[in-house]
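Scroll down for the structure; my scribbles are underneath it.
The first chain written gets the first letter, and so on, giving A, B and C; residue counts start at 1 in each chain.
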Amino acid sequence: MAIVTLLTDSGESDHYVAAIKARIISINPGIRIEDISHKIKPNDIAHAAFVLRSVFRDFPKGTVHIVGVDSVGSRNDMPIAVQLEDHFFVGSDNGLIGLISDKTHQNLIVLNSINSIQTTFPERDIFAPVAVKIASGVSLSDLGKPMPSFKKMIDRQVKATKKQITGCVIRVDSFGNLITNIPKDAFEILNQGRVFTIQFGGEKFRRIQTQYNQAEEGECFIVFNSLNVLEIGIYKGNASELLGLSYDSVVNVTFEE
Amino acid sequence: MAIVTLLTDSGESDHYVAAIKARIISINPGIRIEDISHKIKPNDIAHAAFVLRSVFRDFPKGTVHIVGVDSVGSRNDMPIAVQLEDHFFVGSDNGLIGLISDKTHQNLIVLNSINSIQTTFPERDIFAPVAVKIASGVSLSDLGKPMPSFKKMIDRQVKATKKQITGCVIRVDSFGNLITNIPKDAFEILNQGRVFTIQFGGEKFRRIQTQYNQAEEGECFIVFNSLNVLEIGIYKGNASELLGLSYDSVVNVTFEE
Amino acid sequence: MAIVTLLTDSGESDHYVAAIKARIISINPGIRIEDISHKIKPNDIAHAAFVLRSVFRDFPKGTVHIVGVDSVGSRNDMPIAVQLEDHFFVGSDNGLIGLISDKTHQNLIVLNSINSIQTTFPERDIFAPVAVKIASGVSLSDLGKPMPSFKKMIDRQVKATKKQITGCVIRVDSFGNLITNIPKDAFEILNQGRVFTIQFGGEKFRRIQTQYNQAEEGECFIVFNSLNVLEIGIYKGNASELLGLSYDSVVNVTFEE
């Protein structure tokens, strides 16, 4: 039986997370439930999309991900289920799911009225029961009506020319490390052995390390991380605080001829 | 076998939660353990009771809930096990369990000396072993001596007349939403199609929405939530911060003739 | 099959913890995973060692503990697996594991190149796969090369003479309780029925309680806690805040003739 994961902005000081789990257990106690995070900043779709995008493929194919951020959505947002890269996602059509993959979806339905009831707690009352059904083998076509597409929002784009890559910080993690949207392969294609300068805040660097500990304590490291994007930090320190950089801070890589 | 849930104010930066789980696993690895929350504000019985009251019925009947808030209790508080609404609760007789239900308990014992040892860590050394026994089918009568009643504290009461319901905020959740103790059915009985005014802080409203997104961004919504009580929030905002309201803030509903 | 526990400083707002679990599940979904904590202060080896030392023996023998704090370590720190007190630990040889026990290790290997790949995310890419192997019964000798010893750091030592025990606060928990390194048995050996004075901050006390609630609300309690060390707190209050004491604050026990 498939795993059901949970991603919410509920926090852990209330009953919301336990209520979602209790609902799943009550319907089918054989379902394995795994938390991705419940500490997404309230309503922060960019934060949620970053976390989900970074980890969903690590779970086995067929995993069902409950996406409980901005679950009520705007007035026209419907509750949907999407099959994408061999994973399933159940949530509101609020644009979040559109940010986690560039691939074409394999299947997409809007939940029918049997599965989509009036509630201020859709994660527990709509998404959890549907997730259990999908995890138990029920076909999407039995849960709702096909929809041609779901809401896509325009994510921050990396801009690249022969001379420069311009990206930005898309996530500041709990260590204060600055994770950018500059992909390793874009860098390598353009690098071609040329001298490069990486620029952010008032800082300039001409080296990329392969490991956090190649910088001295208190000094900057720049690596391509496990997500294969450029990451900036301070070894044994908090780069966001020390450099005064945050979400959306610009990062440039300039190549010299 | 029954599920054992955990509710504590231990936080998650120490070894306390893992120690409770390790004790359960060591006695019976077949027991399923589910966290309700470990982020209850230290010793905050009102917070703990709100969370437990809001979710315990979502778990299957027979679930055993370890109630680890103010677990040592005052000098005369005994460790007890209670059967209530077909659920079991193991904790200190400090008044918490008395706040989670108005129903008469089905069974109540004070734990005997075999089950109640001298310890500064009762959640691990007393409640967890007893919870495992109950979850494994041991009868309460084998675990201690019957007690006629357990400590009940007087919870904040909603006051209702034909003209007005006076309640208050009993929980501010992580979104800053203000959850009151004004029940939907009390409102509906008194409403009778009359014009009403809802008043809190300096604000007055004459409408109740059915969904969070029926308010504009930055504006107040008022709904009867999934707990069937009045909840006030700001759509995509933090009502507690923006309105300056918190636990115990008064909320009035006045009906006009 | 053995349990695998997780101890990290990753926090829970990112994808790191879920990525480690997803890796374990993908290799062997039959492994039981239990969190110890993910709220260790970033890179704080003392905090991590305190929590791990305080709880690992509560898990069954054979449990495999992934130690994911300062996982990349310094430039010469190798990824190791240690068998110690019948438990297994997988982490970086950064000194943390050396702080959790005074016993001689039973087995120690540095992971070989099959098991130790180049990565900025060793918890997921190195420690998790090795932990699964050990939990599944693979012998340490098949995972790497024997090493004679691992890094030991000098922990804060209690000093004891016939007249005085000098220790310090080694952990401030989420309640603000001050946990010291003064062991109960050292106290009892030296006490010998003599009058004693316990001194910390500007405070002096001549009594030790056996339970938190033997102090009045707002007043200090001093107990030997469930770890059998001296613990100072304020009943229903936060001792660290109220007394202005913290990690490393000195605590003296003086005996009179």
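Assume a contact is a pair of C-beta atoms (placed from the backbone, for glycine too) under 8 Å apart; a residue touches a chain by one contact, two chains touch by 3 or more.
Small disclaimer: the values here were computed from a predicted structure and weren't measured.
Novice: Which rotation angle, from 0 to 180°, best lines up the CA atoms of chain A with chain B, given as a multiple of 5?
Specialist: 120
Novice: Pick same or different for copies chain B and chain C, depending on whether their interface residues overlap by over half.
Specialist: different
Novice: On a C-alpha centroid basis, what's the spacing between chain B and chain C, in Å?
Specialist: 32
Novice: Which chain B residues reach two or more other chains?
Specialist: none
Novice: Given the complex with chain B, which residues does chain C contribute to the contact?
Specialist: 3, 5, 32, 34-41, 47, 50-52, 54-55, 58-60, 171, 173-175, 210-214, 223, 225-226, 231, 236, 238
Novice: In the complex, go through chain C and note every residue touching chain A.
Specialist: These residues of chain C touch chain A: 9-19, 21-23, 25-26, 29, 42-43, 72-75, 77, 118-121, 124-125.
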